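Shared between the two complexes below is chain A, which pairs with chain B and chain C, respectively.
Let's look at the complex of A and B:
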């Protein structure tokens, strides 16, 4: 089995709470919940960086994490790098009113912000697990198929 | 005079990206509410007509977390007039604050650099107003 890392691109938007939660949830997944299984990239590098940065979504199965329904991380990634495998919209998870609140700085976060971060982070983890399990299933099927072909017989193992 | 747009890079993997972000937010939400604003950098990156039209010729101060200068480059690409390209790491060096926290959270040193950068931005805006 090849080692698979999942890429996470967060919008980290500066105009609303959804952007901050997208950032904090992504950091939590990278640092704690799925450390070693995930990688990230600074989204504005798609323009400011070079070819290597723009290959990101082609090299890694990628999840875009967006703070609101403008879905900037998803759209920018697909425009400059490649198709994303999944999208998380914080506004869908927490509700528009909360996501569009103007409390953006770490100093202004509402009391229950950790709950919000956890909700979004858990959703990111669900998507990561699904992507990895899909890849493993595909690899296993390909292996079975090639074994079946090389032995010239059925691959069910019982006949 | 239309508001100055302060754009941080908010780099996801670097503490200096977070410092840039918090400094910009301090200016637009506390120190210069009436004179400055910010726009989501990721929105600029999408290249949408709406934000490009908005940014056209706008005076802009950018703060970047590393030499890639993402905020400055993207603001220019969107059509803004970037009047200052600040680098948060330079301010951290000036303050001798080389352990300011992580890309997730800042410590006291880090918040000190945020305040320092925010004050510099206020100085820049004040000078613009005098002109």
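Let's look at the complex of A and C:
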């Protein structure tokens, strides 16, 4: 199996709580839940012209994590690197009202913010697992196909 | 806080330094009530931040030497008031930033250093911009019927538009004369100029309004608005009570008073002019 890393592009999150939750959830996935399997793509750098970031998003599967339905992360990724493999919109998971509420400071995050972060982080993990599983399945099929071709017939061995 | 700030952090999420810029922006928001610009949203929606970035003192905070925030400010042609580079500050203070995104003890020290420097600078700037205005003024008075027109004698200059300026070093306080407040009668609204705006001599710097008319305040000097008389927002009638003392309009950091002065009137010149106006127009 080839080593597969999944890129995560998170919303930069200054406009609303959804943005902050998306950053925190992305960090939780990167640092704890799927450490080693994921790479962060810095959205401000990506938009500013970061070649490495753009190339990574072109070559590797990528998930956009957006705080609200403006979908800045998804739009930017698709503009510069092509279609993303999955999009997570925090507003869809937590509801528009929560996601769009104004963020004052990190100290004033709602009491249940960790729950919110977990909910979004789990959704990111679900998408990562699905992407990796699809890649593995595809690789397995390709391998079977190439084995079939090299033996000159089907897998029954009698052809 | 008299000056308004706006912060543009790089908000990076691939290095710890980027995460630190965001922490700093959030702390500044709390401490000096500044607005934060989202670097990503600014690129997709100019209109959301253009006015904010142009009308306030812009602090740009970069995490690393890629300087995404500085590049963005430059692309948008923004005038930068202060630039901070987190990695440079860390290096200067012999602090090694974590390779992880988490903000640990060392990173907190960097945040503290930067915040303290910015707040200290802000305090110094506010102090430097404090005008020394006389506690009592000596007036010359001209009476017409029941109306009294005062005019302060010392240290004041006037323009033809009935606005005054008092100069203290590189700072000036401006306002309107008694002639304006008597002409307008009861002033009900004060529409102030924007703090931080650069203005030329004879630019409009806000309006005052009574039941009779709206008066455009014409600045006698050029420079930058550093303070407005916020009390007038609640009590515009202070201008009627005394337009030279509690009814002052704004403080300005002067850019070229020597040139401005050539187009201004001294006390004697304006006093004569005011008397003629009063006599001719019968307020």
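Methods note: the second predicted complex is superposed on the first by the 151 of 159 C-alpha atoms of A that agree within 3 Å, B and C clash if a C-alpha of one lies under 4 Å from a C-alpha of the other, contacts with A are read in each partner's own complex, and residues count from 1 in each chain.
Simple rule for what comes next: contacts are C-beta pairs under 8 Å (C-beta built on N, C-alpha and C of every residue); 3 or more make two chains touch, one makes a residue touch a chain.
Computed from a predicted structure; not experimentally measured.
Participant: Return fit or clash for chain B versus chain C, each positioned on chain A through the superposition.
Facilitator: They clash.
Participant: Looking at the overlay, does A:11 come into contact with chain B only (first), chain C only (second), both, or neither?
Facilitator: Both partners, chain B and chain C.
Participant: Once chain A of both complexes is superposed, is A:63 in touch with chain B (first), chain C (second), both, or neither?
Facilitator: After superposition on chain A, A:63 lies in contact with neither partner.
Participant: Between chain B (first) and chain C (second), which does A:24 come into contact with in this model arrangement: first, second, both, or neither?
Facilitator: first
Participant: So, A:124: does it touch chain B (first), chain C (second), both, or neither?
Facilitator: neither
Participant: Quick one: which of 56-64, 182-190, 200-208 or 254-262 on chain C sits on top of chain B after the fit?
Facilitator: So the stretch of chain C that bumps into chain B is 56-64.
Participant: Both chain B and chain C touch chain A; at which residues?
Facilitator: Shared contact residues on chain A: 10-15, 19, 23, 26-27, 31, 40-45, 47-48, 70, 72-73, 75-76, 104-107.
Participant: Which chain A residues qualify as touching chain C in the complex?
Facilitator: 10-15, 19, 23, 26-27, 30-31, 40-45, 47-48, 50, 53, 70, 72-73, 75-76, 104-107
Participant: Could you pull out which chain B residues touch chain A in their complex?
Facilitator: Residues 7-14, 17, 21-22, 24-26, 29, 38-47, 68-71, 73-74, 77, 103-106 of chain B touch chain A in their complex.
Participant: Using the touch definition up top, name the residues of chain C that touch chain A in the complex.
Facilitator: Interface residues on chain C, with respect to chain A: 9-15, 18, 22-23, 25-27, 29-30, 36-41, 43-44, 66, 68-69, 71-72, 100-102.
Participant: Can you name the residues of chain A that touch chain B in the complex?
Facilitator: These residues of chain A touch chain B: 10-15, 19, 23-24, 26-28, 31, 40-49, 67, 70, 72-73, 75-76, 79-80, 102, 104-108.
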